[in-house]
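Given below, in the form of structure tokens, are the structures.
Next come two complexes built around chain A: one with chain B, the other with chain C.
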Partner chain A sequence: MSQAEKDRSMQLQKDMIGAHFKRLERAPESGEKVVYTFVPGNLTELILSFGALPVLPEVNALQSGLRGKSREYIAEAEKAGHSEDVCTYVKCDIGMMKKGNISPTGTRLPRPDLLLLSYTGCYTFMKWFELLREEYDCPTVFLHVPYQGEGKVTPEHRDYMVRQLRDKVIPALEQVTGRAYDEDKLRELLGKSRTAEDDLVATLHAAKHKPSPIDSLFGAVYYVGPIFSSFRGTQDAVDFYAALRAEVEERVRLGQGPVTPEGQLDEQKYRLVVEGTPNWTSFRDFWKMFYDEGAVVVASTYSKVGGLYDLGFRHDPSDPLGTLADYCAGCYTNLSLPSRVQLLVDYIRDYDANGFVINSVKSCNSFSAGQLMILREVEKRTGVPGAFIESDLVDPRYFSAANIKNRLESYFQMIDARAPVSGRVGVAA
Partner chain B sequence: MSDNVHTTMACVVGVDLGSTTSKAVILDLDGRVLGRGVTNSRSSYDRAVDVARTEAFIAARFGILSREVEKAAGEEALARLLQAFRLEQHLQQLTQLRATVDAEIERHLDAERRAQLRNAVAWIVEKMREEELTHFETALEEERSSFFRDAANSGWTRLAEEVALARGLAFDVLLGLFDKCIIQVENAPIELGFVEHIDSALARMGRPEALTRGVRAAVTTEFDVRTTVGTGYGRARLPFPKEQIRSEILCHGLGAHAMFPGTRTVLDIGGQDTKAIQVDDHGVVTSFQMNDRCAAGCGRYLGYIADEMNLGLHELGPLAEKSSRPVKINSTCTVFAGAELRERLSLGDSREDILAGLHRAIMLRAMSLLARSGGIADEFTFTGGVAHNRAAVKALRGLVVESYGERKLNVSPSSIYTGALGAALFGQRLVTA
Partner chain C sequence: MQRASIIDWASSVYEDLDFGAARAWLADHPGRMACGFLPVYAPREIVWGAGMLPVAIWGGGDRVEIIKGDAFYQSYICHLPRSVIELGQSGKLDFLSAMLFPSTCDVIRNLSGIWRMLHPEVYVRYLDLPQVLDASTGGAFWRAEMEILSRELGERAGMAPDAARLREAIGLYNEVRHVLRELYRVRRERPWALPTSELYVLIRAGEVVPPQVFLDKARAYLATVEASDARPKDRARVVVVGAFCEQPPLGLIKTIERAGCYIVDDDFVLGNRFLTADVAIDGDPWQALSDAFITSAVKSSVLYEDDPGGKRALIAAQVEASKAEGVIFAAPSFCDPALLDRVMLRAGATAHQIPQISFRYAENTGQFQPFREQAGTFADSLKLWGGAA
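Coming up: the complex of A and B.
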């Protein structure tokens, strides 16, 4: 694979993000309206169809974590009275705001004109926006997404969400932006989403090859960036995913593994499925603990928090509001425990994994609850041993490197001990 | 001895570099234990490994000696020889301590104080020597730590106080000298091995004929170390290839299985971590949980409590066992437990009852890890340094019965060596595969 091609998708993404943040910084002058919203169940196409600009607070928080800023932001939020046990994304965001709302790229973030909350399984999201509303004194609109307790989205759920979109969300956007709802524009954006989604899925599915050409957690966090944040439905996203897909398909053709910070990982001794977020503050160190041992992540749930496209869902331009409802309800964060178990079991089978790791986040009660049960159940159904580690999203105090490394090393040795002939992976397909 | 035919014994070594102690186990190629050694971990892990290995080889050579002469010389004479050997080692380290302290005085103190302090140190060390000799002659069976650091510390502190009072010297300066120099002594490459000291030990006993032949056999045996496998917190420091470094979780699982083949659940409580491990019928780990973020409820917790109560670590268990009405200690945070301890004492609770409560608190934390790892199966083996504490075992047994019903609970007298044993067994597999 040529370096130029590899660089192309990375460069495209960098340019897209840079331009977006500049546009956000200019928003107070340009008059463009700003809508804060969250990744799971985000209504990006709808927001863009009104000419408004999305801001994703949890993406800013994780970026702050990656860039070593979260410690000071969290300290700031704790000074303001937020306890040690509160979700660290929230505290990082609040702290960033209190420190002048400088975005991770160094530009100033504008105040929100609207807080748009699609509630998808995380109760903290609601409290988070309550805090921001208090701070910014701006309108809030709430899309209630019913939990998939029965493991499926019923027609009643769908109707309920479409009704809210029509009667609450769209009027709120109309009021804030001063524009009328333009369904043709929305359809056009949804059509572009669909194209990009196809390419993303082809990229993620490439991990079924041996060696896997990508790392589906540490590499995929970059792959999912544009589509999970402000770019779904844009031509930029279409171009990015086309370029990415071409690069990854070329890697498959050449039998190449993913590129890690220390070179290409071709010797893939462990093919892992990972549940949970990566740790952001020690992202590089955490990744190193995997690739040093020859472990590649072939599928992860984290790379699905902004949409389970690999299971077949695509945005459908022919039914704009219905498809947005389906998207919100189908988010990973809105799945029940049995559905999450089934997803992991399927990934282990489909991606021929020989291990799976749960990284549990203590300050995230919504998703940590039940993870040990998930571990036992997946082990039982697949016969593949699981590992359980604990860290945090963006609070560097909760990443105990020696302890996590010890657990991972033990785990890899345990896989070896249980299956002395581990030759079933690492062979080119 | 040069005319003797040398015997060669093929063996493998497992070393476990723990946060508090470092252990070594030597196995022959059939997996039989030849020797075990332990020392306190120190700032130099390399030195700790050396000492633990040396100690294990000393034990192995005493093993040979014992097989050779047990019938002729009797157990008592052998035990006496071991005491004489320990005395020689101790005296050697005392000499080293004195030299180190003298050098320190020379380097850092003004001329006026030098002479006074040197005299005081000479007096302290001479007294310590005499005490060691008396200790040997009267063959006292007192319970004390076998680590030079601990024994020397208690002697030095007591004698320094005495000499400081008598001669008007600063006690804290004397203590400071010890604290600084004991680290250097521990890390200095002093030869403490069997070959180096057994002859003087034998001489001290008047060279009884019955022992001499065996000593010769033990000295001339050569150990052919085929491989060494390392585990424990300091394992990354070992200059070994990857296959010779094993996680302590796997080592504890395998070691426990070797000692008690029926084991399916292992609890290991070491200095700074607690591990709950499930193993299959080959000793292969199938699941595990470790304490995370916080090391409350580990061996160090007991060390801290011992300090708070001004007791030796080995005194805690026996005291707690005397409790008739254990108090409920809620905090698993080490520092908070210290606070709770002082409050309880001021409320009039007995030390015995408080200690029993603290032991139970540790075990409650372990029970939670055990539950998360998959529960407690039959048989259940408790390993690590804390397993030597009878009150801890008692508290654990009670909680196991409460939550899981009757389980066969195994505790080996050599439980502290479980990790090193597992490492050695991995070594045995490497060389016999």
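Coming up: the complex of A and C.
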């Protein structure tokens, strides 16, 4: 591997996040209103159109996991009566709040003025905000996003979401911010989203090249950060994704692999599709288990929890509320299990993968329940062998490095035994 | 009918994992079909109105060895879906032409997808219950969902949706709701005459037989209870909370009772009491079912609580209504709805100075001694130092 370098886009993102958290810290003085919401089905453009600031509790939880804070926070929540059986994002968030609500960047997070419960693809979201409401005693507005049980969004479901946006969510935002709904402003923000989404998709699709210039899980968690969180619809996001795309296209031109913490991964022996979330508490160790073996992730489902843009969805400024409804309904965890299987099968084909890995996390039933069925179905339909490993989101007690490493090493040996692939160059598909 | 014979009948139906009663009904009604549904709530009226027998699928309890089901689920997923898979994979559910999966949690939601892939010949539908409980949004959504369900079940059963037939089904299930309310009222007032271990098998049997069969048995049972001269014992009155989906083994219910508790309210098999009021039998029946859901759905962990004080007030209201002295929070292991709610419910109970204990179980829990000790100590403490104020 060649020497590690930090991409310019990473610095851009760091600056954006730092500035956002500083703004949040100043919110009580500046008077800016704060809206807590979730990543899947987030209504960032709508929130921003009211001049309010979004806070994403899952992002805070995963950042706490990355920074080694989650163990303490989870312990705090369990001490307060939360079961060891339930989602550790929730417990990490509640523990962080009980410890003073200091954000992962070290700034203090403001209390929410509104909890916008976009109920998209995860049952726990509902309980999470019921629990936060107990602590913050602030208004909550609920957006019910129907699950795609039948594998599609029906016109009736779309109308139901639009009605809720119009009759519930917008009035709640008007009430909290004291501002009237400004559809022109929303259209403008949605237009910027669309531009950024084009560049994100170009970045993700670049993984079809050989060698892949990106890692679509461990690298993509940085790539999707701005668009899945507080920045979709902003000029900052447009600039970030333009810079990112340029960097990735340059890597394609030079035939370079992705940048890992230990350098550039050009020799790519295994092209993997990964289903499931990463582990955050041992993120670097986990990634190292892949790149040490010459494995690059060419497509992942986790990088789609905040939107399946690579399948063609773009926010549409000409239909502001309808497009927000479409966006919410289309997030990955809102897809039926058969649709998730099909997506993985398509990824394996489209990205010319020679393996797929499921990282099953204890915390997340939305992802995990059914993953063993996904494993057998994807293997059956593609003939590509799968690996199944288990960890957790942010509870370090459930990350067994030796166990996971053993499984991955055995898995790579199995791929070698079945269909050795090495030194490929060129473009797939 | 003799009380013992009714309970024997109910026990045998409850224990029968081959669903002999449902199969017998199908044999007696050539051309008819049966539709299974998972916990917690599915509109049985729609199923019966489509000409199908609604059959609740509550898993295998402690009566089935899990061999195939464990291959589908990691160790940190609750037990219910693996026993449902086990029943399906071993052919015990092969009499079902349709399966409904209500929006109880993500595990049951994803099980709907697994079922589609494992049983492509079965009609499968995920039922997204409305979470916004007002008529113009959630109500309209739920009405449309039920209409689709009626149409699609009807297509499967060879019966076009029919308002008159659905009204008839609603009327029948209003009677079921009435009898259930009566059973729960009598147990609340005279728990010594109506032990929960009997009530439980009776309502479980009612989940898999035609509604009229249940009505006949339940009314006969109520008559025997009314005639009973059983006398109260010095026991603690408790409410059991958290067992609305994966069910505890019958042995656990008996253990709580034997430990010195009268269970005076519970959320076992909650789906059959999910609508707390009768459904209108005139007008548009789909609208009537939707209105009933919006206005009278029971407060539970599977629906969003819009009232910020709602969770904290819930246990106090239940305790007061049932004149209970304490609460047993009994949740299945790894049950997101019960365990995430429990923190808020316990906080509410504490704020109202309601004594409480909590434990976790699985449907196949086989060791009851720890529960007996815990419930026994709890009952003793309630009797010695008093219960809820």
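Heads up, the rule we're going with is that the second predicted complex is superposed on the first by the 412 of 429 C-alpha atoms of A that agree within 3 Å, B and C clash if a C-alpha of one lies under 4 Å from a C-alpha of the other, contacts with A are read in each partner's own complex, and residues count from 1 in each chain.
Following the convention adopted for this analysis, a residue touches a chain if its C-beta (ideal position, glycine included) is under 8 Å from a C-beta of that chain, and two chains touch if they have at least 3 such contacts.
Because the structure is a prediction, the values reported are computed rather than measured.
**Q** On the A-aligned overlay, A:Ala417 touches which partner chain: chain B = first, chain C = second, or both, or neither?
**A** The answer is first: A:Ala417 touches chain B but not chain C.
**Q** One more residue to check, A:Ala80. First (chain B), second (chain C), both or neither?
**A** second
**Q** If we overlay the two complexes on their shared chain A, which of chain B and chain C does A:Leu372 touch? Say first, second, both or neither.
**A** both
**Q** Classify the contacts of A:Ala237 with the two partner chains as first (chain B alone), second (chain C alone), both, or neither.
**A** neither
**Q** I'd like to know which partner A:Ser400 touches here: chain B for first, chain C for second, both or neither.
**A** first
**Q** Under the stated touch criterion, name the partner, chain B or chain C, that contacts more residues in chain A.
**A** The larger set of chain A residues in touch belongs to C.
**Q** Is A:Leu272 touching the first partner chain B, the second partner chain C, both, or neither of them?
**A** In the superposition, A:Leu272 touches no partner, neither chain B nor chain C.
**Q** Just chain B (first), just chain C (second), both, or neither: which does A:Glu390 touch?
**A** both
**Q** For A:Leu321, is the partner it touches chain B (first), chain C (second), both, or none of the two (neither)?
**A** neither
**Q** Let me test your reading of the model: by the given contact rule, A:Thr140 touches which partner, first (chain B), second (chain C), both or neither?
**A** second
**Q** Can you pull the chain A residues that chain B and chain C both touch?
**A** 362, 372, 390
**Q** Within their complex, state which residues of chain A touch chain C.
**A** Listed in rising order, the residues are 80-83, 85-87, 90, 117, 119, 122-124, 126-128, 130-131, 133-134, 137, 140, 142, 144, 146-147, 149-150, 156-157, 160, 163-164, 167-168, 336-338, 340-341, 360, 362, 365-366, 368-373, 377, 390.
**Q** Where on chain A is chain B touching in the complex?
**A** My answer: residues 362, 372, 376, 379, 385-386, 388-390, 398, 400, 402-403, 406-407, 409-410, 413-414, 417-418.
**Q** Give the list of chain B residues in touch with chain A in this complex.
**A** Checking each residue of chain B against chain A gives 233, 246-250, 273, 284-290, 292-293, 372, 374.
**Q** In the complex formed with chain A, which residues of chain C make contact?
**A** Residue positions touching the partner: 71-74, 76-77, 81, 101, 103, 105-107, 109-114, 116-118, 125-126, 128, 130-132, 136-138, 140-141, 144, 301, 304-306, 308, 311-312, 331, 333-337, 339-344, 346-347, 360.
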